[in-house]
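Next come two complexes, and both contain chain A; in the first it sits with chain B, in the second with chain C.
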Partner chain A sequence: MTIRQHLRAILATTSRHYTIASSPPFQFTTTDAGKLYEIPKADYDRLNFNKMLPLALTKQFGTIDECVTMIRPPLVEVSSYMKTARTNFSSLRLCLWGRFGTGKTTTLNQAVHMASSEGWVVVHLKSVLSLTRKVQEVDMSTYQPGRINDPMRATEILQLFKQQNTHLWKRLSELMTTKSYEWTKNDKTVEGKPLTDIVEMGLSAPYLASDCVGALFKELRLHASKGEIKLFVGIDDSNSLWGKTLVKKADRTKAKAHELTLVQHYKNFLQNDWSNGTVLLVADQKEVSDARDSLTVPLYTPLELFGDEGFDFIDPFIPIETSIYTKEEANTIFEYYKTKQWLATPGAKDNTGRIQIAELSGYNPFYFERICAFV
Partner chain B sequence: METLGIACRRLAFTTKASGRRISTQKALATRYDPRVFRDPIIKLDELNKKLAPEDEKNFLYIKAMESDDTPVFYRNEVVDKLVRVCMKDGGKETSRNNIFSALEIIKRRQYKLWREAPTEEEKAKIETNPFKVAEKGIKNCHPLMKLMPVTRGGTTYRVPFPIEEKEAEFRAMKMMRDICRGKAKHSKILHFGDYIANELLAAYNNEGQTIQAKQELHKQCEANRAYAHYRG
Partner chain C sequence: MLRPFLRSSLGNATRFLGTEASAISEEDAGAPRNLKRIGRALETYLRHSRENASMMARERADFDLGKRHLANMMGIDPHTINQNDIDKAIEYLFPSSLFDKKARPVMRPPDEILPRFNRFTFDDEGRPSDSRFYTLRPKFYALLSEIGLKTYNVSRLHAEHVKLNRKDDVNDQTVSLTGTTWINEEKMKKKLGENITTEMYAHLFLAFDYLVSLPGSVVESEFISQFREPLTSATASRIFGPEIPKVEICSKTNRRTATASVRVKSTNATVTVSDAGTGQWDIDGLTMHNFRSLLAREVLLCPLIVANLIGQVDVKATTVGAGGATAVPRAVRHGTALGLAALFPDVEEKLRLAGLISWDPRDKERNKVNQPGARAKWIWKRR
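What follows is the complex of A and B.
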């Protein structure tokens, strides 16, 4: 009996008023949609969800001291597409889209947990905006002239990769590099060395980290195509891969997104040249919405957000729309909060409270949680 | 009591030390013509009933509902007043966000205490309702007296006056607001809402700077007791 099965057995015996899905995350079917399931604490910490999930949600999980989320139809859809991943079938690109607060990022994180608990190797990026708008350090690439490196972000990416895949580290160290990499005159990773050496190299020498990220990603794709591992790539705010940047070049013009090394590395996942994996993208309005512009209402469809260039690049892909709660889903969450004694105001606990919270939030999951936070 | 009230109002109107002049004049005009406008129905259960056939609301206009009157289940007069007192430049939405974020912080802290309490008895003692915490916190800060300047023979004395419940509530909120604003102004990390949460929780336990300010005021009133006959 593994620890996970043991935990599930404990969960099954604990009596609760809300329904908990009994099947493991990867086996969710449409009948499970609308049920709650718990992400174990160990997985939550290993996947660094405290940093990867939206702030309001991590606060909530911290307060209640358990990470219980709902299985919503988009997640079931994602899991059904992930099951099709195989070596003779090009990697699928899925794109989550929907209004603000309807669970794009949450579904992405759930999918990461799903893949990770199934033994897939996970590459997870919290936000592309961190690569384009919040560049911490600018360094010109020596590998390809004109490219801009961000050593600090690259190190963070490698660190996160190492943390999220700790349980597979032994498996990853058995995979060998398919060619020699000459980082500098002195630093080399020759052919036939473990993949983990590339990560360690990037972590020990930040000025090489950006190139190491590229090499690692390439090796991962090659090994996935060979069928040695299954690869899951989750990129949040991925329409920003074709967005604006705030990086200034030497001639004082702003750099284009494709001039950034890390952006290029993530774009390489979106090509048809590898298989046995899934890429989950998120189309987010953050890229185009302007806080000072109250007149324009940007659309939130993938075509609008990715732009012509981006859309052509990721095409063909499978769009998956996230939507607001149905009545049953809102009830389930309400009942969960009630069981947890999270609703403290007397009026919130009865039927009036249930209806008012749902209607005031407009059945939007984000605002639903926001209202429950103070009543 | 009535004469005292009038005296207070006159003083409040003429004093310079209070900083702000409170007008006691009635509104001269309203955008709602009283001949054709009637007050809206605010209570939910009344709203669901049918209007009586002879009710004027059947054929007259209805005034717009005030933003504080929406019939939500978490309506609380003290919190609404705190929102108004903490409002700056008419930004009620911002102020409401600040106060509600403070309530959220209070609720999270109290809930954590509740969750970690080992026995049921201890759990029962912890108040997790943030509205109740805010009410009691403000209540604990109510001053019993106020100091008003009174000029007699060319000298201005700070004279203690008794105050009514509503004004005591206002002064408690104002003291708390000024303390939190001062702190938030000098902080780069914490916001006004965070400080209000801290102060409310401290006041709930009879601690904190607002309680200190109240006690300081009481001391000064005690010291100036001799001027009480200048109340006029």
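What follows is the complex of A and C.
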């Protein structure tokens, strides 16, 4: 055997057994499904994916030091619907649904990256549950009596919006407000001021932030409809917009979700009155599952999770189901983990290990990754 | 392979005939000595035959009486006691820790355990009635001839069928052999009642194999099925442990399945294992990844890993009762192990050594009066 043959043999054994997609995310087609692609580090940081993605996944990305995810059929489906966005066509509502761990949140984040890298303005919410169940301090709305503001969360929303759209900030500052906003007697944003002023106003005065979020969202919808920007709205755990809250009112009763200002602002994206954008919702079983009960397997279809009221509200929408890995997908991700030493023990790396990991996880992406993390 | 054997056996037979012929010729010469000797041999045979018959009758009577005694001792109805009850009673009355199962005490009908007496039939003049008597293995050669005749018949029918260009597909089919295998040498010996060599068994095997390979051999399926047995473990002789379920063949999919009913604590599960699968799970409508606990998934997969059949069988289970986080997977595990043992007899020993075949008899301990639980006590306080 010559040296060249030797080298070729070595190369053959060390070459990758997975394929990396080369086209930009928005151009993915069904033939790309099952391939891997990388989200650049700069985009990962700008979109704050370290906080937006599930904890287990960010730990893996941190250790491997790159954000490589798989193109799965739901992502291709989302991108194909996003391509239909235009001014004379009402915004589409897409709803991701599926079993626990099958990639609803990951697909949402991938879609956010896809939209952002195409120059769309992105409004991204990690979880509606943070608006309804993790409210730290409240004050009553002055704009609409009976509404409950959440200044801390509203500030966070504005901050995230500013961070995720940094690369479009110049473009956003060229967009002008369509009407005057009188926040208080002293604080005003008159008509024809840059849109970014509303964000800055909310960030500098947290007690105005909740109203600023509403005004910002409304202006974004108007400008999208005019065709000046394209708007992508991603709302995780969106069935909680009609869920129960832990916010207590003055009379010690629990507030309803529709009484919360921020919930109302996000619901306004689900109307048919704007165009040139896409709303991606996630129906998640967190809302209905009991943390103390690990045995019951809750229902997971949009009708059950949104309830009658929520379902009627978002209807018509396009359901997109996420599912467990196929055998080929599991093999691809296994080869990737093997190359990146995410699989550490020798027993896990051979064929028997591959089959056992896949069967033990039931081909569920979440369990698959978790088992690979410790074998 | 057959030729040297035939030569030797035929040689024996001719020698035998030769002796007789010479005896007759000597008788003609006026010396009846040899005929007398043959007559004595016959007499001895007849005496042995009578002795054996009376001995067997006595043994049978003893067995029946013993069975009644045993039934009385064990409190079973003597009229309905069966072999299974007897085996259990003997195991109970004479517990044996001997390793070899053949060395343990047994009580079985004398026809099963006593050596068989080889009977011949003779006509009035003392000549054997079976024409193959002088081959020394009349039953073996009769079977071989029968296979030959059937083979000829099948090929003739098929040839006719081809010649007439008939369209009915019965005459084109070969006999279906899925889920069964040829009976082994020992069983063949028992079936024929003759001592045959491995070489002779191989001849039968070859002849049968050729017969079943012929198109149209389905017409002889009834004859062939007499010499085949299902691919299951021998459950009849098992005394210890739970019963291995029977293998059934699905008429539509032609897949082999085994269904076991098992219990863990208060959970009853009916588990069906099907071979030639893709690793599908259906446990009360849930699949593998609906079990959130890794422990539960490991428990479910355990028998498949031990048997090295992961991803090759499908498991369907329904459970009844108050199943918890571990009881349901444990019940399904037991049922799966039994199903695998039925479908793949080779792995039964492996599964047994892993402790997956035997039933786990543990149960919840009852709560005690004046205590908060089975063992827990209220905190003691002086006043």
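Going forward, the second predicted complex is superposed on the first by the 353 of 375 C-alpha atoms of A that agree within 3 Å, B and C clash if a C-alpha of one lies under 4 Å from a C-alpha of the other, contacts with A are read in each partner's own complex, and residues count from 1 in each chain.
Here, a contact is a pair of C-beta atoms (placed from the backbone, for glycine too) under 8 Å apart; a residue touches a chain by one contact, two chains touch by 3 or more.
As the structure is a prediction and not an experimental result, all values here were calculated from the model.
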In the superposed model on chain A, is it clash or fit for chain B and chain C? clash
Does chain B (first) or chain C (second) touch A:Ile324, or do both, or does neither? second
Going by the contact rule set out at the top, does A:Gly192 touch chain B (first), chain C (second), both, or neither? neither
Partner chain(s) touched by A:Arg99 [first = chain B, second = chain C, both, neither]: second
Figure out whether A:Gly119 sits in contact with chain B (first) or chain C (second), or with both, or with neither. neither
Between chain B (first) and chain C (second), which, if any, makes contact with A:Gly227: first, second, both or neither? neither
If we overlay the two complexes on their shared chain A, which of chain B and chain C does A:Pro298 touch? Say first, second, both or neither. neither
Does the superposition put A:Leu360 against chain B (first), chain C (second), both, or neither? both
Have a look at 57-65, 111-119 or 183-191 and say which bit of chain B overlaps chain C after the superposition. 57-65
Check chain A for residues that touch chain B in one structure and chain C in the other, and list them. 356, 360
Contact set on chain A toward chain C in their complex: 99-101, 294-295, 297, 324, 355-356, 359-364, 367, 371
Under the stated contact criterion, what part of chain B meets chain A in this complex? 44, 72-74, 100-101, 103-104, 107-108, 110-112, 114-115, 128-131
Counting only contacts in the complex, chain C reaches chain A at residues 279, 281, 286-294, 297-298, 301, 304-305, 310-311, 324-325
Can you list the chain A residues touching chain B in their complex? 59, 63-65, 341-342, 344-348, 352-353, 356, 360, 373-375
